[in-house]
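Several structures are given next for inspection.
Here subunit A shows up in two complexes: once beside subunit B, once beside subunit C.
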Partner chain A sequence: MTYLDSGTSMPNHGADSDSDESVLSLELRTTASTVSIPTIRTVAADLAARADFDLDSIDDLRMAVDDLCAMLVRIAAADATLYCTFTVRPERIEVAAETDVDDLADPLPTGSFAWRVLQCLADEVGATSVPAEPGRRGRVRITLAKDALTAPQP
Partner chain B sequence: MTESTAVTASFGAQAGGYAHLIPLQRRYAELGVDDPDRKRQRERLISGYLPVAEHIARRFAGRGEPLDDLIQVATLGLINAVDRFEPARGSHFLSFAVPTITGEVRRHFRDYGWSTRVPRRLKDLHIAIRRALAELSQQLGRAPRPSEIAERLGVPVSEVIEGLQAGEAYRTSSLDEMLGAGQDAPTLGDFIGGLDDALALIDDREALRPLLAELAPREQMILALRFFHQLTQTQIAEHVGISQMHVSRVLRQTLTFLRHRMSNSV
Partner chain C sequence: MTDARVEVSAESRSVRISLSGEIDLANAAAVEDEIREAVSNQPVIVSVDLTDLNYMDSAGVRILFTLASRLQALRITLELIVPPGSSTRRLIELSGFESLAALKPAGP
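Here is the complex of A and B:
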């Protein structure tokens, strides 16, 4: 995972999949504000529905993206931008979201309640960060992956 | 909010019409739970206050729900009010009952009413989808995919997706919607921007415990089934005996509530 300095746009995560026609990539760039979250989660749910996810998985993804964005918006620096990338693969959607943070300390929210919820809703979650330095904002990135079918528990 | 205040005011003027019920109310409250007279008194109270329920139901008429249904729902609210009212707290029964009944009718609209105009075709499709969803969940042992629903109904997948989105419009939320009973209940607007805090796990557990206790038993169970037992929404729906869509709604509301309260507790 590489990070670009703040002010530059999202790295091109879709680069490795350009040759694969069955992969759809979609990027959203919004202000890191709670106002954007309903739009982002609706996009996530719509992508999942069109990718023929089962209805449980569609709804789980919607809630996971909601939580993911809420987490980032909470720690985002003032006027920060929220970047979301959706990669729709066969039977799987990957979401990566990142934003700039002011905090000098490592602000990864992986111990939080919301994080546990996210772990339950998604099939994979991950978070990475670049700590802020004097004169440069830090950056936090959260990724999740959701499979098309939610297998019932025995 | 303004609605229930207005209703209270209009009843305040006629409270005399129900004055004879006040002593009955007090006596009823004093009767022991096992008192043989209790059932009769309860029925007298309920039928005495029936016009109140009907009056409130009429205020919600003309919004797409049959009046008969509204009166039934309002009557249910009245029965709840009679059962829950505590005269010892000093308030007049009507000032307790009116918000309770109004709340019940509102909940009915929230759960069963379409809050957005959706074309008839999509409404019918949505109903067909719900039915197919229930059947297919049973057969597949998991929630169906849109393509599976489309095949069952003999319609294009794109229409199923449209129908599912129409289902989202089944319930939109007002920012001023009350999320609990009573005058001081928070509104949805209070929750906007309510977010989690990066608490240590221990803090979370301690903070969560009382919040979970505040949830209704069914919400607690649904939350536990989803996040502790890792059941899917479809399995939960089957277990609890409600629709998957309802489970989804409960989960969303509960998570929003918890997230908000967790962030406030820090």
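Here is the complex of A and C:
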């Protein structure tokens, strides 16, 4: 988890797989506040629509990104920044968001209702955290991936 | 800021709550308060109409779960009016809400 070294923000800058012209990368940096969430989810839906996602997948990604950001905003430290990166690949969008948290024993919100919803909406979900230490805030990072086509419901 | 409207029409035995606009973490608590106040008497049935709701995330679903468990304790029937194929409907179905309330495609 090298991205957590102090001073770094988001990972994978210039990684080989991302230098492909067919891959679009977009980063948003906002205050970790509920006020930012409508804008972030609208960006997510716009990227999905431009990438020719089907309508259900666009809706799913919008709600998933909303839930992801809402989880981080709930646990974010005061005045924290929310970093959100979108990687648009052919047929797939990956989202990674992270923010600083105050000292929490287990800040990963993976048992919450929102987390279960997130797992249903996205094709892949992951979370990692680094606990706070004296003089340094902790950090929580949540990632998801959504494919362009929603698998048909059984 | 996220905006939602909560419109309530109450009759002697029933309360109909129509939600419109958008519900997310920013306004979920306010919407929940308005819904709680709307069900202050003892109706037999509460219907929540989500037809005109443009957007809802899991904070909105939490509101519905909270309402459902409260009404269950009061022995009041809950029904949701949710258009088929809408993103709201998909979210509600994903969350397993159907076991708690009848989902209807359109109002009476």
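General observations
We adopt the following convention: the second predicted complex is superposed on the first by the 142 of 154 C-alpha atoms of A that agree within 3 Å, B and C clash if a C-alpha of one lies under 4 Å from a C-alpha of the other, contacts with A are read in each partner's own complex, and residues count from 1 in each chain.
Note that in this section a contact is a pair of C-beta atoms (placed from the backbone, for glycine too) under 8 Å apart; a residue touches a chain by one contact, two chains touch by 3 or more.
Remember, predicted model here, so these are calculated numbers, not experimental data.
Steric overlap between subunit B and subunit C is present once the structures are superposed on subunit A. In the superposed model, A:49 makes contact with subunit B only, not with subunit C.
Contacts of A:22 after superposition on the shared chain: neither subunit B nor subunit C is touched. Measured by the number of subunit A residues touched, the leading partner among subunit B and subunit C is B. After overlaying the two complexes on the shared chain, residue contacts for A:148 are found with subunit B alone; subunit C is out of touch. After overlaying the two complexes on the shared chain, residue contacts for A:38 are found with subunit C alone; subunit B is out of touch. Only one of the stretches 26-34, 62-70, 80-88 or 152-160 belonging to subunit B overlaps subunit C in the superposed arrangement, and that stretch is 80-88.
Once the two complexes are overlaid on chain A, the subunit A residues touched by subunit B in the first and by subunit C in the second are 34, 56, 59-60, 63, 67, 70, 73-74, 113-114, 116-117, 120.
Across the complex, subunit A meets subunit B through its residues 34, 46, 49-50, 52-60, 63, 67, 70-71, 73-75, 107-109, 111-114, 116-117, 120, 148-153.
Residues 133, 141-147, 157, 161, 164-165, 192-193, 195-201, 204, 207-208, 226-227, 229-235, 244, 248, 251-252, 255, 258-259, 262-263 of subunit B are the ones that touch subunit A when the two sit in their complex. Listed in rising order, the residues of subunit A touching subunit C in the complex are 34-35, 37-38, 41, 56, 59-60, 62-63, 66-67, 70, 73-74, 113-114, 116-118, 120-121. Considering their complex, residues 1-2, 22, 24-26, 55, 57-59, 61-62, 65, 87, 90-91, 94-95 of subunit C touch subunit A.
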